[in-house]
Amino acid sequence: MSIKFHVGMSTLLHVIEVLGVFVFASSGLVEARRKKMDLVGVYTVAFITAFGGGTVRDILLDRRPLFWIENYEYPTLIFVFCIVVSPFFRQLRQVVTERFILYADALGLGLFSVSGTSLALAMNMPLFVCVMMGVITGIFGGVLRDMICNEIPMVFRRGHLYASCAFLGSWVYLLLARVQDVELVALISAIAVTVILRLLAVRFDWKLPG
Amino acid sequence: MSIKFHVGMSTLLHVIEVLGVFVFASSGLVEARRKKMDLVGVYTVAFITAFGGGTVRDILLDRRPLFWIENYEYPTLIFVFCIVVSPFFRQLRQVVTERFILYADALGLGLFSVSGTSLALAMNMPLFVCVMMGVITGIFGGVLRDMICNEIPMVFRRGHLYASCAFLGSWVYLLLARVQDVELVALISAIAVTVILRLLAVRFDWKLPG
Amino acid sequence: MSIKFHVGMSTLLHVIEVLGVFVFASSGLVEARRKKMDLVGVYTVAFITAFGGGTVRDILLDRRPLFWIENYEYPTLIFVFCIVVSPFFRQLRQVVTERFILYADALGLGLFSVSGTSLALAMNMPLFVCVMMGVITGIFGGVLRDMICNEIPMVFRRGHLYASCAFLGSWVYLLLARVQDVELVALISAIAVTVILRLLAVRFDWKLPG
């Protein structure tokens, strides 16, 4: 792999992760306001939903500096975002529909889990560990959010496939990354598989056996 | 200590930790099914109950790679185990009695806490920290399980001695490891003390003062 | 900065952190007893309230050994403290009033958050990350305590300013550390700002907008 290509890939992964951060932060903000938290709570829950999965992954893999410390403009931006958006929350809620949140969250799940798998693979982790890191990156922001909000994490309750989509998408990424050269194809295909699986699961009421 | 003996010890510690992993994973699986979680929840809770204590210990001591990443066949095996066992859960529950769970859990507590103490001692930690690492290794899988299941951790509520058994067993290990040469004797004696104390505490209703 | 001065500063930070540890441990002990936990629960909650914030900060920044492992006499002292104090808890509760806890907790908040900010600055972290580390050091002991006690963390619910005081105090520290040479002045001023803000917030019912 040429250096130029490597830089390109690393930029792409970066953009993907940033996009996921903002999508997840927004969903955390909405949840915290529903729980009637104040601005400190809103920012913390938005922050943890956005960076929690990646932080747990980085701590487990001992990667430092953490993503949000290396790119400290993102927590700062999310902080400003929370302050600016909070007064207009009532109006915002009419614009941001359930359907919008569903789509945004599915996209975040795909972006985060595939980028997490890709990072673990780049560290030469065994395949099953790569998949676990992908799933952890994708779902642990939401798990920590629910633990702080004093609820059993949504992803562990019986509902439409969620973690399973990240699980399958991560395997798709590992498979494609092995059988062909263009990393970009593997990334985009795996993200697409995860997102589409998630949307189909909600649409057609797919659940795991109880 | 000869290299051969050192390898023998490290193998023994390894076997002990693996045994503990499977015992605790099974108890996590049972708990998650009681909470009517789906397969994702069952696997995660089984995983966290089994590896949570050791993971917290390794993060606090900065040991990497984590036990379950170095031995990635164990999370894989537990994953397969959860899938295979889930459909037969109803039948399983009649075979796996309360009494069986009590014994298995006491054994897991002894195995985990003593191996945690031994690891910390090998890193030249101060004695009180060694004991704390032992207790953390022994009980934090269950603490994290209860936090995810949205309950006050069982070990902190007033009940039959649990963490205290790990605490005393860890001191027994440190004492024996100091006064005599054969590590194996220290390990097995300390595990036995922890397990027996736990079973006696349940049998004779021993509790800490409230 | 002369080496002698550096040692003086590091000693001062040390004393500050120790003072904070004991203040927070006491507040954790009171909470755990209110929840009718046994001695294991009391010690764990006291320990986590005291060391939780600093431990999360150190893990995020990858600082090792952890503060309470390097100074292992503090967990030991707190352990002895919990054992000695527990039998006299009923009498203690009449001496230790709500007002005393409020003052002690405000002092702990100031000490912890400013020392956390100072540590992060010494590691050349970006300013916003320094402030986040200060706030995390100040509030996460309480957050973990509330998560273990199965409650939505107090600091995220709408109440008198708390995290906001640590936030502003941390900025005061960073500002003063930049504009003048004597670190001691920056430390003490920032701690004073945090503590006074917190007490004023309770006195005059200051809250963040909901």
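Labels A, B and C are assigned to the chains in the order they are written; within every chain, residues are numbered from 1.
Everything that follows uses one rule, which is that contacts are C-beta pairs under 8 Å (C-beta built on N, C-alpha and C of every residue); 3 or more make two chains touch, one makes a residue touch a chain.
Keep in mind that what you see is a predicted model, and the values were worked out from it rather than measured.
Asker: Which chains are shared contacts of chain A and chain B?
Answerer: Chains touching both chain A and chain B: C.
Asker: Residue numbers at the chain A-chain C interface: does the shared fraction exceed half, giving same, or fall under half, giving different?
Answerer: On the two sides of the chain C and chain A interface, the residue numbers are mostly different, under half being shared.
Asker: CA centre of chain A versus CA centre of chain C: separation in Å?
Answerer: 31
Asker: Could you pull out the residues of chain C that touch at least 2 other chains?
Answerer: 59, 62, 147, 150
Asker: Can you tell me which positions in chain A touch chain C when the two form their complex?
Answerer: Its residues touching chain C are 32, 35-41, 44-45, 55, 59, 62, 64, 66, 69, 72, 75-76, 79, 86-87, 147-150.
Asker: Considering only the defined contacts, which chain B positions touch chain C in the complex?
Answerer: Residues of chain B touching chain C: 59-60, 62, 125-126, 128-129, 132, 143, 147, 150-153, 155-159, 162-164, 207-210.
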